Structure formats: C-alpha cells, structure tokens
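Look at the two complexes coming up: subunit A is in both, with subunit B in one and subunit C in the other.
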Partner chain A sequence: MLDKSMFKSPNLRLEHGLADGAGLPLVCPGCRREVSQEVFEQEFCQCARCGYTHKMSARQRIAMILDEGSFLELDAGLQSSDPLGFPSYREKLNQARTSSGEKEAVITGLGSIEGRRCAFFASEPGFMMGSMGAAVGEKLSRLFDRAAADRLSVVGFTISGGARVQEGIISLMQMAKVSGAVRRHSDAGLLYIAVLCDATTGGVAASFAMQADIILAEPGALIGFAGPRVIEQTTRQKLPEGFQRAEFQLEKGFVGKLCRRPEQKALLASLLAMHEVEPA
Partner chain B sequence: MNAYQKVQLARSNLRPDANAYISQLIDGFIELHGDRRFADDAAVVAGLGYFEGQCVTVLALEKGVDTPERLRRNFGSAQPEGYRKTLWHMRQAQKFRRPILCLVDTAGAACGIGAEERGQGQAIAENLFEMMGLEVPVLSVIIGEGGSGGALALACANRVYMLENAIYSVLSPEGAASIIYKDADKVDEASEALKLSAQDMLRFGVIEGILQEGSQFELAADAIRNAFRKGLKQLQGLSGEQIRDQRYARFAKLGGNLR
Partner chain C sequence: MFSKLLIANRGEIAVRIIRACKEMGIKTVAVYSQADKDALHVSLADESICVGPAPAPLSYLNQQAILSAAINTDCKAVHPGYGFLSENADFADLCEQNGLIFIGPSGEVIRQMGNKDEAKRTVAAAGVPVIPGREDVKDLKEAQEAAREIGFPLLIKARSGGGGRGIRRVDRMEDLKNAYSTAAQEAKVNFSNPALYMEKLLSEVKHIEVQVLCDSQGHSVTFGERDCSMQRKHQKILEESPCVLLGAPQRARLMKAARQAVKALRYVGVGTLEFLLDREGNFFFMEMNTRLQVEHPVTEMVSGIDLVKWQIRVAAGLPLTFTQRDIRSQGHAIECRINAEDPAQGFQPAGGRVDILHIPGGPWVRFDTALYQGYEMPLHYDSLIAKLIVHAPTRQEAIRKMQAALCETVIEGVNHTALFQADLMGEEAFEDGSYTTEYLAGKGAFHA
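Let's turn to the complex of A and B:
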C-alpha cells in the first residue's frame, strides 16, 4: 500500500499547493480535473482522465512497486564529494539534500515484487535531476555486483538528466563503470529490467538505461541522448510532435513495451516469474 | 595557456588527424566500411592492419583535414551507425582474437533528429556494454578532443593515453557554460572548472599516461607507437578473462573512494 506521508514531497504539489492533505482538491495540470489527495494516491500519481504523469520520488516508486516492508536499502549513506572542486557544487549538493530529503540521486536496495525477490533501484528526480556522479555510479555498480552474487534480477526505474557536469570526467567514467557491472550481471545469466521514466537522457540513456534485457517505459516519458532543446539549437530545426517520447521510442524500436503505473507492479512480477533462477 | 586556450589547441585544424596516425603506425591498413545495418558513417574509420607485425583492428574517430572532408565526416561526430560500425569490428576482433587500437578525436556524438531516431543513446550504450566484455586488449589514445559519451564509446579500454595537448571532458565547455553558468560566453570559466587537460586526467587516474607531442608529427606518432607497444606488452600473456577483468577493475575504481 502507498504510504500517505510519502506524498508530501514538493515535486508532487499540484496547483493549490496544499499537498499537506488540507482536504482541498488538487488540480491536474493536464486536464484541470479536480481530484482529492486520496484518489490521486490511489491512481499512482497519474491522472485517470488524461494520463498526465506527475513526478514521483524514488521513495514513492519503492512504495508503489515493492511489497510492503520488503525493502532493505543498501549504501544509504554513500554520497558524492566534490572531486573537481567545481564552483558552487557543494552548495548545490546541500540544497539537493535538503529539498529531496535524500543523500544522492539514486536509491538502491533489495526487496520483493509480489513475493519475488529482486535488487531494485530508483532514480530520485528531486536530486539534481537524477544526474549521475561518482556516488550514483558506485551505488549502481555495487547493486549489480550484489545482485550477481546473490543471483537476483535487477529492476530499475531511471530518471536522469545524464552525467553530472559538476563532477566532470569522473561522471563520464561512471557510464563505463556501471556498464561493466551491468555486463557482469548479464554474463551471470541474470535478468535486468529497466523502466524508463520522464526524463531519461544523456549519459544515462547512453549507458545502463539502454542496456537492460527488457526495456519498459512510462507513456509520455522523454527518452533520448541529446535533449530536445540542444537538438533544436544545434540543428535549427523544429522538432516533430512527440519527438523522443516513449511512444516514439516504441515506434523506432528502442523500447519493448509501454506500461502505465497502475499496471507496472503486475507486469514486473510476471516478467520476474518468467526468469526465475535457482537461488544462490 | 589558460584552460580554454588548451581547448582551442586540442581542436586546432593544424593537428594531425586520425588517418595521419594510422598511415604512420599501421602497415598494410585495409579500411572496411559500413555497419551492415543502415549506412557507412565517414566520421568513423575502421579496418585491419599490422602494428609492429601484429594483426590488429583499428578504430578511429576522424575529423578530416580540409573543409569538404570535414563536412563529409561531420567533423568527427559519429552517428549511431558509426558506433555500430565499431561494434561490428569489436566483435570481429573478439572472434579472431586480435587487439583493438582506438584513436579518439571528436567533439561528441552527432546531435540531431536522425541520430535520435536511430538510437544514439542505445548505440553508445551497446558499445560500452560490449567493450566491458571483450577478452582482447583494447588500447585508446585521445589525439585531440575526447568529447563525452561519443569519445567514451571508443575508450572503454585497458589502457587510455592522451596526447599532451588533447582534452577529455564530460561536456563541451560551451555546453557547460550554457547549462551551469546560463551564459554561453563563460567558456573560460567553464573550461577551467571542467578540469579537462591531460594533466588533470592523469591526476584523476582516468588515463595511464600523457604522450609528448614534441615539435613535429613524427614525434607524436612515435609517442603513440611506444604507448601501444608498451600497453600490448603489459597485457601479453594474460588470459581473455584476465584482460576483461583488468578493464573492468580499471573503471570500477574511478570515483569509488567514497564514504
């Protein structure tokens, strides 16, 4: 079940701004429908009328997908330092920690989905847009290594602006490092399912997001290497409607299946069941 | 020389291109075109030849030397089919157990509607995934620009070296200026902050060595030759698995000293 207290994160506040459960209806930015806090939660933060998907924090994903009480977080304290001494990065990190309530841009751990054990990760969009620096790379690498050792499938929800610019080349190296861990997990004959969420771009799209055995995506999610604004500026072309959205990626052949939030848990459970392996 | 002047030097039209080094270092080079899926991308040069008598696969990002050639090669910015061409050659190298020598010179992967339609992210991701499993030696030299994921797609190597005036960066200084400083004119500050010189890379442990360019092309080519020779020698006698594990361990330690 979803825990009400998890819906107080600022990125979820709708128009009335009263996400503290004051009883007033919330207004969907997609279709102006008014909806109570309670119904909104039951709908997985996705509008039942227009399908508008609201940003979900990593903790909300965990509550939505994993069996209640099954989640064991790993490497919770791991956080990035400032390897380059990049101007104002430390302040940015502190801000992100305060506003998101998380130490880094990804949460990793072990849990179960309808009783099936797996390793799990979810990007935290409220932490510097889910960008990948050394801590994100290290947490993900350790998760895949742990999953390989324990012979577990990995299920991950990606949201990321890509490599974290403030960590410079160290961020770029995380693409290679996580790819190595994904590869070793894969070579052990184990399953990795990625669910690409809005938005998954840059160095994350160009590494672990696109390396899964099964790639799912949330409808409407922006998925691509270069961001749309950069492409428009570079090419001076107007981008076609729906460009780089999940539906576009499905049509182009890079996403296996679209899946709305209410159906995600059951779909993941079915896929895990089809890949059962002997426990370690 | 400030950081942005280094960037300009790394990008200079006067620097030797990848093809110049290939003809200097590789005997009997035979270029093989195409990715067998969509097209031949001229930003990537791939083929076979001999390095000091040993058959090798050569992969390079090639900017071109004059304007028509630079246009034809998209200034070394590869399309997805360029990376898929290298992927094909990597699998061939694995099959025939020959080392892979890479020369990197690119501002970054091609950016555009077509590149996205054909899966630029997926193409790079697949290269990284493939390279992390290769059981043959992979050696990379950044000869000019090492721009972002588009460069890394040819640099998941057992050994990575840089020419002394090359740069390696997660993002172009121009991109960093507009994203971080919200001001495209702040390229000096951005170049400084990104720490993208060969000296920075050596300090971070991102490269094994800096190759002195000297005053003429032949000296730089000699430096690359020595690096390739040394790298191949160091990996000689290792099993395929050991070569693969060494590469993985090399990257696993980068950024891992966290609490």
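Let's turn to the complex of A and C:
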C-alpha cells in the first residue's frame, strides 16, 4: 500500500468563505461577481462590472446627495401605530424597524446640495418596501408645508410598493393629504424635483411621485401603478419588452430624464441653481 | 463552516473529492471497508476510518457506522460521491438530524425525484416534455383510449412495479386487450395493486443529459449537454459533450426545460436531468439524478468549472459567482470509462494485481483513477477502475486524442476495456454521432 506519509499535505488555508463565521460574501445579483462592501459603497451601490443598481437605504441616499453634515432630520420620532388592529401588523412593524434601523419608511429633513439649501426626503426600501402609511403621509405633508414656509425647493427620492395595506383607508387618504401639501408648495411658486427609483409603484406613483415639477428616474427602475405581472394577468396580454421600466416611461413622457447615481448630485445642484428663489 | 469533510465513498470518486478538498484547504476523512485498507483514498485522506467488512451493505452502505465516523472525527459535512448512499433520502435526513451537512439536495427532494412517477409529474407541471403516457389506467376502455392518444408501440406497466416485472410491450390495437388483462393480472398478483401505467415506447433514442448547478439563494445554471448513448446493458461506457446531433435551437429548448425543472424543484446542489432524444429531434424527460455523476469531468473540461468544488461551496451556502452567460462550452470532451472487465470473455468482471501502470499524459488528457502500481484490486465493488477524459477544440481532434491516449494506457495484471473503446471510436456510428442507446446491443443508430 501507499503510506499516508508519502503524501505531503499541501500548506493551504481554508478557502475564503468556508471558514467558521465567515459570513456570506456580497455578490452582485446582476453579474454574480463578488464585490467588496467598501468599493461598492464608493460606487453608489452600483456594480462596476455590469451596472446593476442595488437598493440604497435612505441614509445612503442622504450621504450620497446632501453635503456632508448638512442634514437636519425632521419628525424623526413620527411612526405608525396599528389603527385598524390589522393582523400581525405590529410584528411586521417591529421586524421592519429592527431590520432597517429606521422608525418609518421615509426620512425627511433639511439639507443642502452643493451649498444650495433644500428640503429633502428619501424612501427607505428596507422598511416594508417604502410603503406609505399615516406616518409617511404625515412626515411628507409636514415637509412640504415646512418647505413652503421656508421658501425651499423639495428634492425627494421615491421607492415604494404603494399604500400600506395594513392601514387600509387611512393609508389611501395619505395620497390626497400629501397631494394637497405638494399643491400648496407649488402654489407658493416653489420647485419640487422627484427622483423615481426602483421600484416606484402604487399609491406613491399615483400621488406625490408623479406630481413633481421635474421628474427624474434611475435607469432601469420599475415605475408604474399596477405591476406588469398584475396587468398581464388581468388583461391577458403579453406586455412589450421593458414595459414600465424608466426608459419606457421616458419614451412615453412620464419621466423627464434618466440620471445615473454618480451624476445625480451634480444634476440636482444645477437644477436647484437654475430655479433659485429669493429667500422670503 | 466546512473545515473537515467525510467522504462516504471509495475508488476514483473518493480520490476526486479528496483532491478538491485539498485545494480548498478542507481536511478529509476517508472511510473504508476491510477489503479496501490498501486503497488509494485511504492513503490520500488526512484521516481514515474503517467502517466494516468487505460487503458494501456492511461498510459503504452502513449509515450508522459512517455517521459515527463523521461525528467522532468532528466532520462538518458528508460527501456521498455517486452510487452507495448518494441518493439515499433517509441518509440525507439522518445527516441533518445529526447536525451534519449532506452534500446534495435535501432528503425531501431526493425522495421526490427517486419516485419516477412523481418526478415526471413535477417536471411536467413545470412545462418540461415527458414521455407521453397515462397514469392510473383502470379498465380496458381507458386503456384503449390512452393507446389512441399515445400511439404505438407502447408499454403497459404496473404502477407499483419495478425490476421489469409487469411490463408488456404492445405494438397494435388488436393486441391491447390481451396485454392489458395479463398486465393487470400480474400487477394484482405481484404488487397487490392492479393499477396500470401506459407509456409510449421510444426505440432508437439517444440518452442526453443536462448538468445543473444551483445555489441555496435560488440561482441556477445549466451546462452544455452530455451524450451518454453509448451503453452496454444500460451502463454508460463513454460520454461526450456536446452531442453532435443537437442543433442550437434544440439545445436552447433543452436548457430551458432543465432550468424550468430545477426552478420548480427549488433544487440546490449539482444534479443531472436525463432526457431521451428521438430521431425526430424531440426530447423527453426521463429522470433526475440528484448527485454528482460519474461523467461530470466531461462537463468540467468543456466549461472550465470544477463541479466538485462548486458542489461543496453551494452546500456551504455560498452563492454562485457566475451567471448562465458566463458559461461557455468550449471545444469537445470525451470520457471513456475503463472497466475491469474482459471484453474477450463477454465483459466478465476481472480482478487482480496491478503489476504495471502507465497513465497516459500530454495536454488536455485527464486520467481519474484510484489505481497505483502494486495495487491488489478487491472484487467486491463496481468494476470502474479509471476514467480517461480528453478535451480538444474539435470532436475529430478529441477522438484522435482519445484513441491515442487509450492505446498508451497500460494496466498490466488486470483485464480492462480500454482497447475495446479505442476500436469503438473508429466505428462509423460513433464517428458520425448517430449511435443510439441500443447501438452495442443491436448496433442501432440514427441514419442521416
């Protein structure tokens, strides 16, 4: 027989990823290549190889768009209760709070972009897919009212599955309420820019997301009211390739311009500069 | 997660797995029977444990002994290889219950695919073509109806049958009545269940299979197909990739079918979907093997992807770091299974001592074996002693390379099939790729 000692053990360490507690590597869902967290964040959560855009948290958006240290959060404590006693809603809320680290599905506040002050909001995709309940509606209405009072433009990043079903009619009412606030802000002659991100759908698409004076969108984002699968099932028709994607909505005139993450800050700053208003 | 792994197998596949582990920095534990104490896998592994006497049921199939060995040596996972316990759902469950990772799909999926009827139902529901047939035929009227639907020739089988019993071939409607009543009678007597199953009899077919690899996050890829039609008594004797008779649109449909099937199954790990390809170019799902295959190197050669390493990685929960688009089959690969059988004596299993061993070499020649010079081969196990795999830019070149390599192979002391295969490669039906699964039995081949 061949003695064990005839074979030397190769001096190799355990392969990356197989060690105890190694944690799973970050893999781009677009091209499946491994990416480092650090590089990834520098690249605006966009894969350098295939261009796949990953979901960004609201805080990551704030860091990407607003000048460092300029953000002042408003109504940070506002959060939804369970007005209808909807089954398992409380648990869902707790879960969303733990996993996202946020109290609600939108973050609002004041800040500046390349030195130009504005009111700012960003949806939090990690919180029940950015769905709109009473607290989200209230935070946004207050932000627009505050912006109207302070004569500030509003810049917002939307990501949402729509109204929050667990709050039923109360959540649907937020569409009208926020729309009212957007109108008051608009009537004051002030600018509102929305950046529609993947995915902006349902009651959010059908209210404040589409009410902006300038509507930008991230390339590839799904934008629409009912999702393509629902439409396909209801109408029993095959939908065209790229239906409801940002490019499609640009062609149909629902979106004014597509803008990639690395260019967003500069574009927003120049749009704000063009529409600069005298302080009241 | 995976610092140490037990290999519940022997022979070339145990060696193949140990090699992958060594490269990955994973410590290995080999198990062996008393007849295998001098086997190569025992020497190559970091630790080796004897799990019983020579007969496989007492050693390589001895689940308790193997699990005890794994637990006592502090292994995190068990690799079953192929054969033995690799498609044993109870063993997969037992591993899980003992906190060990079974490198393969869950017991549930193994069970689901192990039941051929259920497997067909599952993949048919996912839109994959299966052999036309009807389940649960209860009376003659239903049988006639089904026969009209399916067409002749067809097979009538006992639903709970197996081992060829209770199977009747029917070529004409006139013969159906007789065949039906005998089959029903036989089914009732032998399996105490008169329910029958009717299925189209496909003759002159090719055996084509698709390799899949899926991670636990739901991503899956399919590799180019393997043509495993060269068989002797249902045992594959050589395999190649790609299949020369498959056109691009057909291949695309085949790969799509495979992807649909694994998606429906929520499959994790490596697996193979076997299809029959008829003369008209239709393919039908036959069964799924929920394990690594003997012929996996053919796919490794054309894809450049180490399937064993990826099998271990996805079992550890790691995601695939490539997509379908990254998988490009290049050139042509052929594998010959060299068996310790004497072609001159009707392929009688041979044993003996390997007095001289010369392994063929050169570029793109791979020889997977557990033989070494001086090795005394036990007679208790499978007769596969080596796999010779070659890779070349074209099929023609691969055939030449294989013929040359087979002729260079020297295994003195043991009768083997290498030269039989070298001759086979020169036959017309192999050269033009028209050979079917019956080629060696009746020399059946598609004719162009």
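The criterion applied here is as follows: the second predicted complex is superposed on the first by the 249 of 280 C-alpha atoms of A that agree within 3 Å, B and C clash if a C-alpha of one lies under 4 Å from a C-alpha of the other, contacts with A are read in each partner's own complex, and residues count from 1 in each chain.
Everything below uses one rule, namely that contacts are C-beta pairs under 8 Å (C-beta built on N, C-alpha and C of every residue); 3 or more make two chains touch, one makes a residue touch a chain.
The structure displayed is predicted, hence computed values, not measured ones.
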First (subunit B), second (subunit C), both or neither touched by A:R33: second
Partner chain in contact with A:A48 - subunit B first, subunit C second, else both or neither: neither
Partner chain in contact with A:A209 - subunit B first, subunit C second, else both or neither: first
First (subunit B), second (subunit C), both or neither touched by A:Q174: first
Greater residue coverage of subunit A in the superposed arrangement, subunit B or subunit C: B
Which superposed partner A:A134 touches (first subunit B, second subunit C, both, neither): first
Complex interface listing, subunit A residues touching subunit C: 1-4, 6-7, 9-10, 12-15, 17-20, 22, 24-25, 27, 31-34
Residues of subunit A defined as touching subunit B within the complex: 77-81, 83-84, 86-87, 133-135, 137-138, 141, 163, 165-177, 179-184, 186-187, 201-203, 205-211, 223-226, 230-231, 234-235, 237, 239-240, 243-244, 252-254
Sites on subunit B touched by subunit A in the complex: 109, 111-113, 115-122, 124-126, 128-129, 131-133, 148-149, 152, 156, 168-171, 175-176, 179-180, 189, 193-196, 200-201, 204, 206, 247-248, 251-252, 254-256, 258-259
Footprint of subunit A on subunit C - complex, ascending: 1-3, 22-26, 37-38, 40, 42-44, 46, 48, 219, 312-313, 316-323, 326, 372
